[in-house]
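First the structure, in the form of structure tokens, and then the observations on it.
A, B, C and D label the chains in the order they appear, each numbered from 1.
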Amino acid sequence: MARIGVFICHCGENIAGTVDVFKVAEAAGKFPGVVHSVEYKYMCSDPGQTMIKDAIKEKKLTGVVVAACSPRMHEPTFRRACAEAGLNPFLCEMANIREHCSWVHEKGEATTQKAIELIRIMVEKVKRNKPLYSIKVPVTKTALVLGGGIAGIQAALDIANAGHQVILVERSPSIGGHMLQLSETFPTLDCSQCILTPRMVEVAQHPKITLYTYSELESLDGFIGNFKARIRRKARGVDEKLCTGCGVCIQKCPQKKIPSEFDAGMGKRTAIYVPCPQSVPNQPVIDREHCTYYIKGKCKICEKFCERKAIRLDQQDEIIEVNVGAVVAATGFDILHSKDFPEYGYGKYPDVIDGLQFERLASASGPTLGAIKRPSDGKEPETVVFIACAGSRDDAKGIPYCSKICCMYTAKHAMLYKHKVHNGKAYVFYMDIRAGGKNYEEFVRRAIEEDGAVYLRGRVSRIYEEDGKLIVKGVDTLLGAQPVEIKADMVVLATAIVANQDAESLAQKLRVSYDPYHFLSEAHPKLRPVETNTAGIFLAGACQAPKDIPEAVAQASGAAAKVAGLFSSSELSREPVIAVVNRLPPPVFSTCTGCFLCEKACPYQAIEREEIKDRKGNVIKVVAKVNPGLCQGCGTCVALCRVKAIDLQGFTNEQVYCELMAL
Amino acid sequence: MKLGYFPGCSLLGSARELEESLMLVAKKAGMELTTIPDWNCCGSTAAHNLNHLLSVSLPARILALADKAGMKEVLVPCSACYNRLAMAQYELLENPDLKKEVSEIIEMDFEGTAKLLNVVEGMEKIFGEDSVLKVEKPFEHKVACYYGCLLVRPAKVLKFDRPEDPQSMDRLMKKIGADPIDWPDKVECCGAGLSVSRTDLVAKLSGKILESAVKRGAEAIIVACPMCHSNLDMRRENIEKAAGKKYSIPVLYLTEAIGLALGLSEKELGLHRHLVPVVFPIREKKAEPEKAESAEESAGAVEE
Amino acid sequence: MSEFEPKIVAFVCNWCTYAGADLTGTSRIKYASNVRMIRLPCTGRIDFMLLLKAFEQGADGIIVSGCHPNDCHYTAGNFHARRRWMMFRSLLDFLGIDTRRIHFAWVSAAEGAKWAEFVNSVTDQVRKLGPNEQYQKLSQAGVE
Amino acid sequence: MEELRKKARELLTSGAVKVIIGYGPGSGKRVRAVFVRKPEQADLLICDDRCLQNLAVYLTKPEVKALGKAAVVARLPTLRAILQLAAENQLTDGQVVALGISPEGKMTELSQFKAIEEFLAGFSFELSAEEKATLEKLDQMTPEQRWQFWQEQFAKCVRCYGCRASCPLCYCEKCLAECNQPQWIPAASHQIGNLDWHIIRAMHLANRCVNCGDCSRACPVGIPLHLLNQKLAEEVFKQFGARSGMKAAQEYALCNWKLEDRENFIK
């Protein structure tokens, strides 16, 4: 027989002001199954909670209903109190007689009556509650970080320094990402290699970080704490243990004309190459598309000159399986490319380049060793036009969002150009200057006032070549929308930041949602920016949205903190409000008919198929089974299941049915 | 190949040579054009300046007639009509209430989902892979393909070629042996409807277009819209007065250039109707085209 | 007629509408006290049979409310629910059950005022409709 | 008919199937389902316009499954039922051979779901004109009239669950109607219980019913139950463009969703 205790709170005057709490306590005492019904001024206070604990012990209560504020406020408080008194916390329910009753209705009989009915509903529900125990899920204390840019590096270092194993997977031959390509970084103009390469070396030497470069995630299965990742180690053509990075093979390689991806096409590289001198690991990779050995079958010069005999021309891709407990996606971004700007002649005129290409020109380790030279004839341009918002904030290009960092790096480019070409003229076409970070606005003001960059507020409609000059047709809206034509020697487009080409397939591998522009979606834009809706998968850096280095690093450390929090206990305990498929004794085994509508409907893919076999091993029936690690307890499957074989703990059909019966 | 056909008023009036050349080329290509029975004016710029409902109802009636005649695809050679029909179709499909209101006005129920083809798309259909046409007299001239505005804008609705740097007419010209130049004024405004009210403006704008084409060595301007033709050809006197300079560069319709290449005579194609005589400077055959060809080829290839 | 007070049952989702109702409380916005709220984790969890049971228990009006599209804490609960109600409503209408007694809404955790105004309007409409004779006759018939 | 019997004998002798589910002579002039397991019994098989029952109902029964691979004489609704059962993982490909009977009576052997899909593609799954007319007639009525009409019908219901037994898609081992904790459907055949039962049966068949009409044929008191399913089938098609029983990998409209679903009643 149920022994229910009802505890009515005055909440000072908040409830007692409009609800006759004494009458309610008396009425609640008469409900069938209620053995203890009291009211108290502040139920959530320490004396209030002690009252509940004592009552549980003395009256050996099997269920508690606290009639007070919203369960969203104090349910955890009262459930913890019950647990301390030895009653399973899930046998405690709250009736909301404050926000949903006393605060919103006039003082009077109807309000008191409503409070009584709300309590009766909860009493009937509590009678059908079952004790539930939080779900224990083991946690593998190894993190997988995808992407070796500044965000990936920062996340890997933070997790490793927190004492956990990290596997860092980077697609290109070296870590460093786009930041490694930059010359200097705003707003302090410190050289990006100087602040990044020490971190890269720290990653390579960190005892707890296993670094797989020139590798990609092949597939990810499992759930939070128990992921199984398969990583494809693309064939490097070089044995990592033997190679010392002496670089002889790179000098001797006859193939010298391949456009270097790292230099964004501004420079050339050999078939066996290292992206840049500061690459980590400093071991070359053989580019099988351009290496003559793989095309014509003969050459092997690099093999001949390698004293360490480290060249492995017949090396094949290798798949490694690792168990990880959490994944941090830090796969970075890409920029919009030439095919999207016919009106600017980008891709048609060699002197129309994008931001990354200008970075390579300005970089001391770049193809021009830092001198600003036109790609067409190598001459120093006297007039350079920088165009901000090339593609961003432009519906016609399908990119309505602002890429956030172009105003800053365009001002930096104008400044670098003026520092290196003193009498050069720099024009910047912009719509609005977005310089909201720390010292950002001052940086842009400096570019305008001290370095003399001419800022024209307007958009460029067309660029065409005439008599060897690039005619930039724009408008200056601050001078009464007067058309402006500038004869430029070089044009730099601050093209939009877009998601990586394969961001969508990565999101599908990780089973995280992504937005229409293929940026990965965070769990909650304001309150959970580094988590995703898939438990155990975290986000860092520009793969989530365009952002600058400080934000990427902050987000990386945030994600690392989340991972460290996840790994802090050997077991993961989760709220037991999850769905369960019933199991019955043979011959039925379960009322589930195996139609698996629930499997298609589950947003968390938490439903698995279980084969029920007889002793001889042949399958009797295939039924659904809920993975406790993944299920978030939304209950959609419960409403969809025709035969009600699946039920949601905490909101079972029985409980909700009895709530209705108490109306 | 059977297509619906909507001539529009200008093809029976000031742009007769466009229809004549189109009909000849279509017949040669075995393309059957059946005019939409009882077609009415598309409303052009006048309607959409005055009354929105009128500017949607007129084209809607045309679409309804095309539906009734069971036409799946309709060729609309005049860019202005093509633009108005496409805009009306877009608005009607987007806004079911408007569609209900319009169908009451024109007392006809309709789906209005026929596919609209402008003259360039029409010519592309003729020159498709299985095209039976042979270029008899290659149109070996440097040409400036001028698309104007109504063919390409608004891009969200028309979705035709690349709005900023279209290439479809250039590809057709290469097919008939011409050498299309790379010039920036392909989609600049020629002054359009201001032809009567502000002829001075048209003279300035169209003058800039002619100047840019001539400077790049174009021997003819190829257009696909009666409005562009009239501003660049009929207003030539005003342009020359405003620019203080003679321009003898002829302006041809796309269909006329193709007609010439297919060996049709100038008379049949109605070239005599132009105000600027269609005459090309005689120059030695060999030297010129190869050099220009290669530069053009590489640039074109990169964009493709 | 004036003393007839309709009984309204509201099925609400815990993350949005229940929190919205909490906000109505904290902002002290008064509304009709006829409504009794049943808290469920998500509108996806609200089974159409619950509505049938509510009518059988003498409810004169039913409210079903949850998160706006794309707001759902579980990403898709409200989308499943929307399709379910589109079907269920056409079936009830086909059977002649008075669908004006069932009201659906999206109320977010920030729309306290909208929740109060919505409950008031539903209460007024159902008060005009009067008691739920259809179901009351049915339950008496069952008792004979 | 002769062609069917020859095919049955051939299938049984070759051992391709263990049992042929078809129509055989019943009491009086009626036909009933027969389970032919020996080639010589093949002459029992009949195939004329009296044979309407949807034989797919037997495919999910454990006793029939125990007999081994089956061939079933299948008119269009039965073929659709097979595909719908396949979509709900009740039948696996190659577990059943369908002897498809086209409306003109021509028989074709369809041993793969793909073959059934192609066969069905030739026929549109539209309601017939008069079926639409009856629905239309009900829609024209006022809600009160419809309520009156259905109350009279449901008052006749004695809850024999014949409709459930005859429906190929009611294959649950333990039906919801038998669940008494909580008792969603009152067991007694009073009007509340009957209303709940028929509403829940209709909702459970939304976007699943293949319109074979067996439920109404099976109903001893002649309630036009098929109208409920047809109405929901039309509604599913109108709102979500989905038809049941067309593909073996059929998507169930109520368990996937689209952002663009439009309704006019959620405020």
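Just so we're on the same page, a residue touches a chain if its C-beta (ideal position, glycine included) is under 8 Å from a C-beta of that chain, and two chains touch if they have at least 3 such contacts.
Just so we're clear, the structure is a prediction, and the values are computed from it rather than from any experiment.
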Practice item. Count the C-beta pairs in contact for A-B and for A-C, then report the pair with the higher count. Key: A-C
**Study point:** Chain nearest the overall Cα centroid
**Key:** A
Point to revise | Where subunit A and subunit D are represented by their mean Cα positions, the distance between them in whole Å | key: 47
Point to revise | Length of the line joining the C-alpha centres of subunit A and subunit C, rounded to whole Å | key: 37
Point to revise | subunit B and subunit C: spacing of chain centres that average the CA atoms, whole Å | key: 59
Point to revise | Sequence positions of subunit C contacting 2 or more other chains | key: 48, 53, 76, 80, 84
Study note, to complete from the structure: Contacts with two or more other chains occur in subunit A at residues 601, 640, 653, 657
**Study point:** Multi-chain contact residues (two or more partners), subunit B
**Key:** none
Practice item. Provide the full list of chain pairs in touch. Key: A-B, A-C, A-D, C-D
Review point. Can you name the residues of subunit A that touch subunit B in the complex?
Key: 338-339, 341-343, 347-348, 395-396, 462, 464, 471, 473
Exercise for review: Would you tell me which residues of subunit A are touching subunit D in their complex?
Suggested key: 588, 591, 593-598, 600-601, 622, 640, 642-644, 653-654, 657-658
Check your understanding: Across the complex, what residues on subunit A touch subunit C?
Key -> 70-73, 96, 98-101, 103-106, 110-111, 114, 117-118, 121, 513, 533, 577, 601, 603-604, 632-636, 638-640, 648, 650-651, 653, 656-657, 659-661, 663
Exercise for review: Give every residue of subunit C touching subunit A within the complex, in rising order.
Suggested key: 5, 7, 9, 14, 18-19, 21-22, 24-26, 28-31, 33, 36-42, 44-48, 50, 53-54, 57-59, 73-77, 80-81, 84, 116
Point to revise | Residues of subunit D touching subunit A in the complex | key: 88-90, 171-176, 179, 181-182, 184, 204, 251-252, 254-256
